[in-house]
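Working notes, beginning with the structure itself.
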Amino acid sequence: MSMASKSMLNAQALARSRLSYRCYNHLSKIHVGLGSTPYSTKNSKVTASHQAHSLLSPCKLLSQQKATARKFSQRSLGQDNLLDVSVDSSSGVATLKMQKPPVNSFSLEFLTSLCINLDKLHSDGCRGLVIGSSLPKIFSAGLEITEMYQPDEARLREFWRTLQEFWIKLYGSQMITIAAITGHSPAGGCLVSMCCDHRVMADGKLTIGLNETLLGIVAPRWFSDTLINTVGHREAERALQLGKLYSPQEAVAVGLVDQVVPLESVAATVESTMAQWLKIPSHARHLSKLQLRQPTLDRLLHTRQEDIDNFVSFITKESIQKSLGMYLAALKQRSKAK
Amino acid sequence: MSMASKSMLNAQALARSRLSYRCYNHLSKIHVGLGSTPYSTKNSKVTASHQAHSLLSPCKLLSQQKATARKFSQRSLGQDNLLDVSVDSSSGVATLKMQKPPVNSFSLEFLTSLCINLDKLHSDGCRGLVIGSSLPKIFSAGLEITEMYQPDEARLREFWRTLQEFWIKLYGSQMITIAAITGHSPAGGCLVSMCCDHRVMADGKLTIGLNETLLGIVAPRWFSDTLINTVGHREAERALQLGKLYSPQEAVAVGLVDQVVPLESVAATVESTMAQWLKIPSHARHLSKLQLRQPTLDRLLHTRQEDIDNFVSFITKESIQKSLGMYLAALKQRSKAK
Amino acid sequence: MSMASKSMLNAQALARSRLSYRCYNHLSKIHVGLGSTPYSTKNSKVTASHQAHSLLSPCKLLSQQKATARKFSQRSLGQDNLLDVSVDSSSGVATLKMQKPPVNSFSLEFLTSLCINLDKLHSDGCRGLVIGSSLPKIFSAGLEITEMYQPDEARLREFWRTLQEFWIKLYGSQMITIAAITGHSPAGGCLVSMCCDHRVMADGKLTIGLNETLLGIVAPRWFSDTLINTVGHREAERALQLGKLYSPQEAVAVGLVDQVVPLESVAATVESTMAQWLKIPSHARHLSKLQLRQPTLDRLLHTRQEDIDNFVSFITKESIQKSLGMYLAALKQRSKAK
């Protein structure tokens, strides 16, 4: 990314940071109001860029009302094909596949696209959501390290706020959410998996876990809360301190994933599990989910700005920057060696 | 139940709602004061109606003092043989068997009788309590649906308050409490089991679990708190969202029950477990129990009225009433088909 | 202990109670400032009494400034060889072996020595700490009963405050802490084990658990919090109510210990586990640990005085004193019989 485009993006990010949440809601409502759902044909494939285009009209409406909103809509248009989203209109189940090579890492743009798509699927009335990956052997490597290395502070803040936003939307989602973990799922990839209601992992030489500690950084409180809710306090202590990456068999043993099946059976297993969950009355199911997850969601919702401040202050420390730099250098070395 | 008797009962319930708790305490104290414990012979069988009669004298005293109290005592007298209570005076262990056909469902009257008996056994100095069922294949089906369908609001509020009362008394009981689960134990039946200190379940085609979601309703926060305390957060999430009914083997695997034995061994297993628990110094044991359960109890104690309001507001929603109506119709259809 | 020496000790304890914490910190800082670490040679053995001597200079400095501080330093000098501490300077791993016959019970002096040593090892920059026992078949029997029987209240309060202090230091320790449980580990012995990051227990006829209930006393809230964090709520309920002592195999099954190995393999297992943990970036590891343990630590830190008051009020009750007396008599009887 050129310096020019980067700073432009930061300017947009700054403008956005104050209205992003409300803006999302407007987009959703307007879109529903227009009734022009792009998810109308059975198993139709719609990529993120197509969606961005499909958002054009309502966003244009918005942009005529507010300059700030225009900036947001422009940015949506600038997205690459980061996601492959399809909806089975007969069942109301969406499949969202991450396709951001090489490792589906969460950049600000990718997180924004994920947030927009979650809102859109929800407002389109989808009842279920399968989150998977189009890339072989990788689910998601988690946060994009370059977002955190020598960062522009405004963008860094927006990056973290959008990550919070994504977690809030996914962890409390009204949809039935199932993770189809067909590849490695460290750090943020593990977080996304844990946010789902059910996790199916492919067997083989894959790993999953919150391994932030190995990079010298610390997963925020809401990452560890999510982990505690999934595997319990004791296992979370061990996992976080060691930055442990679990094999599929280890993961299922401690409850980090719910099922481990051969790679070729993941899709069918996810489908049959989803079919079972779809039989449950939706509203009561979602209220039950919130009853258990809302206290954890509230803990972040009540300290969101503080959490951003903490993250920025921690990650910009010289020592942390140094270890991120070394890690990036090692990554480059490794890819050169290949 | 005729319209007349129903509205009379509601009037009594209204009068009761303001003094029920204090009244329970008075009854207990007076009874102890008179020293006429009906649990004086070894393994003497005393049914709830006998107890009601045995409560006559102290209640009459009370009723001469207060008109409202009289209404309460009258109602106690009107109870059917809902419970079969016996006490082994040598060990101080009471056995309370629910015998309210067809499914030991918790009506307002049944819950009131349970509360009175818990208080009585406690004030009589019982050290242990086994909760079981006299009905074959059923422990308890939980809340009486008709209490929640097209309800009189005053009675509905009293119903919920009495359910809270029962949970508070049982979950924090000074007695060693063991559930002898010899039959199905869905919803409120599962709650009662979880309130005990130990759960023995008969093997076979039985189920146990909080399945409220399947009816389109949501178990209140204190139900889910009790479940989390029993099986942990992750299993509680799955159980509540799916309204999962566990087989005995599944239940013991996740810790929802402690032991699964053949039906004919349940009584002996309960007895030997009770014998083991009776060896522990009572006061320290109860304080240890409260140390772990009091925070959960407090959460309801601090929000009791709010919890009633929430329940009433939720259950009287048109959509919820509709699904309760459909469920009741399906139950009738099923019993006609037999 | 003679009456005279006991009351003198109490006077010291009183003086100390108001400044002990600050004093510890001063000692640490001064010691570091002097740079005279006694843990400088590889695998050098330093006993607690040597350490006490090694603390002479800085304490003398302090004692010249404050009379109260002098009393503290005098007392340090009076310690027996309660601990066997060695440090492997190449790895930065300390080994602290309790050697207070007959059962490594926690008296005020022993707890004070443990606190001082934890501070010292931490300020000397140790990265890992193995806690074990020099006594065969016993890890630690926990609190010294005589501290609680017919106590001098001032000393009792200091005793409890020092126990709190020890728990706070160990549970949140910056060091990697591993318990080498080569002998029985009831009550406070179990607490110390649970405070560590990892627990290796010898197989055989040993037991571990919080068995306070069996003595008619109740483990304080922070004991049970630590237990809940280790084995979960349900198992903690059963364990505390029953005062359950687990065999090594039972303990590993519920997660109370992490590994059970033959006695002769404990040291090697601890060493290889420590080597694995030492690879993790220290700062991030410790922050991860605090993220999970700080809420539990805070609960005591915010109610420390109240917790002391509760303990003193409970333990000095006539009924509790009576059962402690009977327990002590039984212990004497047993040792006479041998």
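A, B and C are the chain letters, set down in written order, and residue numbers restart from 1 in every chain.
Basically, contacts are C-beta pairs under 8 Å (C-beta built on N, C-alpha and C of every residue); 3 or more make two chains touch, one makes a residue touch a chain.
Bear in mind the structure is a predicted one, so any value in this text is a computation, not a measurement.
Relative orientation of subunit B and subunit C, expressed as the C-alpha superposition rotation angle, is 120° to the nearest 5. Where the sister copies subunit A and subunit C meet, the same residue numbers recur on both sides for under half of the interface positions.
Computed from the mean C-alpha positions, the centre of subunit A lies at a distance of 44 Å from the centre of subunit C.
Each of residues 228, 232 in subunit C touches at least two other chains.
Chain contact summary for the complex, subunit C toward subunit A: residues 197-198, 228-232, 255, 258, 276-277, 280-281, 283-285, 287-289, 291-293. For subunit A in complex with subunit C, the residues that touch the partner chain are 212-219, 221, 224, 228, 232-234, 236-238, 240-243, 319, 323.
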